Structures are given as structure tokens and as C-alpha cells.
Amino acid sequence: MPTKLRFFGISAFEITTSNGTKVLIDAYLDANTASPVKTDDLKQVDLILVTHAAYDHLGDACKIAKKFKAPVVCGADVRAHLLKEGIAPEKLIGIVWGITVEVAGVRVRSVESRHWSNMIDKDGTYRSGPPMGFIVQPDPDVRIYHSGDSALFSDLKLVGQLYRPNIGLINVSVGPVGGWPLLTGEMTPYEAALAAEWLGLDYVIPTHFAEVDADVEAFLKLMNSMTSDPKPHVKAVLLKPGETFTYPER
Amino acid sequence: MPTKLRFFGISAFEITTSNGTKVLIDAYLDANTASPVKTDDLKQVDLILVTHAAYDHLGDACKIAKKFKAPVVCGADVRAHLLKEGIAPEKLIGIVWGITVEVAGVRVRSVESRHWSNMIDKDGTYRSGPPMGFIVQPDPDVRIYHSGDSALFSDLKLVGQLYRPNIGLINVSVGPVGGWPLLTGEMTPYEAALAAEWLGLDYVIPTHFAEVDADVEAFLKLMNSMTSDPKPHVKAVLLKPGETFTYPER
Amino acid sequence: MPTKLRFFGISAFEITTSNGTKVLIDAYLDANTASPVKTDDLKQVDLILVTHAAYDHLGDACKIAKKFKAPVVCGADVRAHLLKEGIAPEKLIGIVWGITVEVAGVRVRSVESRHWSNMIDKDGTYRSGPPMGFIVQPDPDVRIYHSGDSALFSDLKLVGQLYRPNIGLINVSVGPVGGWPLLTGEMTPYEAALAAEWLGLDYVIPTHFAEVDADVEAFLKLMNSMTSDPKPHVKAVLLKPGETFTYPER
């Protein structure tokens, strides 16, 4: 059985391992207009990963963790928040850059993300911590990198050399941001293309969009125009919300 | 009309664009003994930028934002603080590394700063977040880098390659620090010279001093003794508090 | 008189300078089952350094600072915590990456650590800040690097070039972690070996263990099998808790 990777829009993914274990990353579902799947639709969740505290990444992690009594791998600030929300401490695996854990049979390594992680609780409490990217190993030869909204940084080359991810889920778009005057997301399409290159990926899947937008299209064009015979270049794969990528490709 | 850049001491600058828009960066004025301009002297402020939460960088941002109803581009912790102080949320543009915004007709890109950002409110609340440098584009061919007290890091080379700043405002001095036993600031003069080189600047303006001190002098000597014909080296320009740099130079 | 470096297990060290000044780093003693020395055994402490807020690094800093009225060099979050615990502000030297201080005749430079620093107080207050590594110069030609649980990052090469540490205290092990499903610490033995190489050390002392474990053994084997004639390689020195390294070696 291959590994399956389903996209829910923005940065939300469900990984299904070859033996049926289900992992959610950045499970922003109910308020995510792009997601065809809502928390009530979920039938099985074995592990939840949260890259950082932001409404569109923390998403429904708390609700889903409670419903499925699923463990959550996250940073210190998200852990403190979920503790306060009543999640049992033994379900909360707070880690940071460098640390590798094995939970629900899945290996997860935390790697640097050059971003932020912070929240203001309903009672006004402000909390921040280090944001993370993940290298998830759902099956022996599958190493999926999730960028967690990172900006571009040169040590992505080191991440590529040390952990050899074959699939990358990388933010390429400013995404849906309401009334904000944002011109770029954390990586421009060009920077995301550099990231894919530096990580030495086989496949890159663009993220952080609801509908395919100009940034996503610019990224795909850029990736398709970068070739370096005889070595094939990183292959860009577009997933629209709801679509699934199967690895190895069939 | 050229772009104008006025120094107020420490890291405080006023940028005046060719069409008269006024941008304040790290507006530490009233308690800044070096600044010839106080908040009461300001006649026009269109945009306020804050690199990080520190008394000598956050400065009078809150007071000025209220007086001029000016938008503030800042990090998450500064945003949470200003919200609490009564600034309207629509005036607070919280961003992080990688993100570019256009506010008041001026483009601002947040770039990494290897520093800290934290504060303790009067009520004892502690808050921290990611500190920033900025690439400010007040006019089409003018890209001003403000280091925001960063320590030296190699990805300044990447910042230089990607965003090609032509003017850099870089902390070179330990500055006025009262009774603290500090021997260096966040960059020594030599490290600041490396930063100017790595960023590929045309002009570097040393910052983080009230009066010209030994660190500033060491930095200027170092910059003037670094030449690499036929390419001219980064040109160091000393501004004393109150002085203005005009770009292009006249 | 040479410089002495005594290991207490995990990341706790006591440095004794040639003139008898005593510096504690990450003084986790009383709850540290590996440490043969408890706070009640200490006779003299002139300076306390804390790399980051974590139970096994902040350790007994507060208790020891009160007992000896010793200054504490630490980050912003640790400083805020110790202020709240009643340590006098003039004893708390909060610094960040890049800054060098001289306290009790000892030079201490803060350098980046790619880790976290956070705590939850008894009253539920959450606090975070930038974690640090240190370059400690207890005697003129002795520069000791303490990694403070950093993950591997390429700018350790820059730290090596700029500050030329001759002795490195580097976390190589996941250490004693109770019921957590951790497979690695912040650096694997291989990553710690790269760190020692990149820092250009003369000596590396593995840390973050209570008893010598498989990670420590893997690190020592790796270091001993890395040679590059004619230049001698970094020399790995194993200290068990309670043991002392004398520099220069006698």
C-alpha cells in the first residue's frame, strides 16, 4: 500500500500510512472555506501535528484531539494553550527543533521554521513560542517536509542534506487574507522554488491557498521552467483542496 | 525629488519619500537625549515601523500613532501591546519575516533579525515575539535596510541577494547603556562591517549611538580601509542625530 | 594555574578560573540525580549563567543566586521570572545574541542557540524568550562554548570563525527524559560531531546525559574515527558527572 496525502486547503493535510494510520497536520477545517472535510466528517485520527500557533494552523486541533483522544505533537506555546483548554498532559508532546519522536508508529522530526507562533486567548493572555516545520516519516521510505509558513532560509539546504525529504509541502502564496495590505506571503513563488531546490525534493506540493491563485500559478510555471538535464528537476504537483497525492505515484 | 533620511539618534529615523510621505522607524524621541526632535515637534506622520519591543525602539510609537492616527507595522508582541493600549486593530499591521505590505504607498518587507523582542507591562505582563529587520522601499529605486539591533548572521547574504538594499542602517555600537557591564552591542564594528559587505549595500549608515563613540569611529575606519578595486566598496556615511542623508546623493 | 571545568551531569558545569573565581552554568543540581554536588554543598559562587528556561537548565539558579548574592547572566524570560522570584534587578544581567559582558572578571558572549526557552510558573503564567549559547572566557586564552541544547545550524561555522572557542560543551544525547517518546535530542551524535567540527574546537566534551548512554558512546566513536592528517582532529573528552577537565591538559 502506498502513502496517501490529502490536501484540505491552506496548510491542512491528512496523511494515511500504508497500514492505515491517519495523521492530521495543521487541521484548519471548520472555518476553512476551502476544506471539503469538516471535523464532523472525520472518522479516524491517530495523530495531530501543529506547526505553530496561528488561527489557520492551530485550527481545530483542540476539538479533534478531544474527540479522538489523539496525541498532539506541537511547540511549547500550543502545548500551554491546549493544557489550559483541558487536553490531558500525557497527550501533549511538546517538542522543538532537532527533536524526533515516534508517536502512533509515525516518526516526526521538528525542524526550524523562520516564522512566528503566537496567540491571544479569549481572556487576553498572550503567548508565543518557536514555530516548527516537520519531517514526517509515515512509511519507511517516505519523508514529508511541511514548511509551517517558514520564510526562506539557507539552512533548508542542511535540512535537505541531513533528512532527505522526498515530498515537500511548501507555502507559496499570500493566501486568503481578508482586508490586510499584504503583497507577499512568507515566501514568494520564487523563494518557494528555491526552497524546493535547496531541500532536494522529488516532489513539491504548493500550499497556503484556498483557490488556485496567481502566486500558485507563478510557482508552477517557475518549477516547470527549471530543468537541469540529466538530473530531473523537482516535480511540482498541484493539489486542489480535497485532492489526494499517492506516493509512490501510480 | 530625492528620498530623505533623517537620523534622531539610537535607531530612530524619519524617511521622507519623493512625494512627501513621512515614515518613522523605531521612533524613540522623548526619552532619547540625543534626539533634537520630540513627539510634540512632529507635524506629519503617515506610517510608523517598529522593529522590536525594546524601550529604545518601541519608543513613542503608541503616543505618535494615537496623535496622527497613523498605521503601525510591527511584530505580534508589539501589536498585542498596542491593542491593549487602545490603538484600533485596523491600524495595527502585524507581520513577520518574509511578508511584504504596502501601507501609505510605501512597501515594507520584514526580514529576519537575530535579536529579541520583549517587554514587561506596568501590570507585570511579560510578552515576547520575533524581532524584525525591515527593507523599506519609499521610492521605486530606493531600498533601505534597517537592522533592528540584529546580531550578525550569514543569511544577511541572502537578504542582500534577494532584496538588494542600497542603503543600510546598521547597529555598530553598544550605545548608551547606563550601568550595564556591556562590552559590545549586538554587532561589534567588525561584524557590522561584514554585515554591510554581505548585504551588498551602496551606503551604510552606522546606528545605535547617541554621541559618536569609539565603536562608531572604529566602524568608520574599518569601512574606509576596506577597498576592493575596481569595484568601489560600500560607502560609510556618518549621520549625527538631527542630520539628513539625501539619496541619490547630491 | 590552569582553568578547571567540572561536570555535574546534564548540562551543568562549574568553571574555576586561574584566580579562583567560580562560575556555574545551567546549575541543575538538587533534582539532578546525576549530580554528586547539591546546592548545599556549594561554598563559593561568583557568577551564574543560564542558557534558557527549562527545568534542567534553569535548575537551582534562583536558590543559588539568593544564597550567594551572585549575579545571573540570562535571557529576558529567565530575567522576568527571577525578578518575580525576588532577585534584585541589579543582579540580573539580561542579554541576547551578540552582546558581550564582563561580570566577576569573566567575559561572557551570548551566541545563537537554535532551541526554545519557556516556562509555566506555578500560577499558570507562560513566558518565553530567546535561548542562548555562551562563549565564556574565564582566562585570557580560554574560550569555552556551551551549546545550551541548540539544534545544529550552519552559523556555528561563523561562531567558530569569529570567536574561536577552544573547548565545546555540546549536547549529544536525548538524555533522561522519563516517559516521553523521544528518539533523538536536539542534536544526534552525528550532528554534534558536525557542530564540533564547524566550531573549530580543540576539545569537545559531550553533554546532556546522566549516565553514559548509547548516544554518548556513538558520539565518542564518531569523533575518534574522524581524523584528517596532518591536522589533528577535535579531541573528544568524556567527563562523567563529578569529573573535572583541566585546561591546558596536564
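In order of appearance the chains are A, B and C, and numbering begins at 1 in each one.
Throughout what follows, a residue touches a chain if its C-beta (ideal position, glycine included) is under 8 Å from a C-beta of that chain, and two chains touch if they have at least 3 such contacts.
Please read these numbers as outputs of a predicted model, since none were measured by experiment.
Colleague: Mind checking subunit A against subunit C and telling me if their interface is mostly the same residue numbers on each side, over half, or mostly different?
Modeller: Homomeric contact, different residues on each side for the most part.
Colleague: Give me the rotation angle that lays the C-alpha atoms of subunit B onto its copy subunit C, rounded to the nearest 5 degrees.
Modeller: Resulting rotation angle: about 120 degrees.
Colleague: Any idea how many Å lie between the Cα centroids of subunit A and subunit C?
Modeller: Distance between chain centres: 33 Å.
Colleague: Two or more other chains in contact with one residue: find those residues in subunit C.
Modeller: Residue numbers touching two or more other chains: 128, 154.
Colleague: So in the complex, which bits of subunit C are touching subunit A?
Modeller: 114-116, 118, 120, 124, 126, 128, 150-154, 179-187, 191
Colleague: Enumerate the contact residues on subunit C facing subunit B in the complex.
Modeller: 75-77, 80, 84, 90, 93, 95-103, 107, 109, 112, 125, 127-130, 154-155, 157-158, 162
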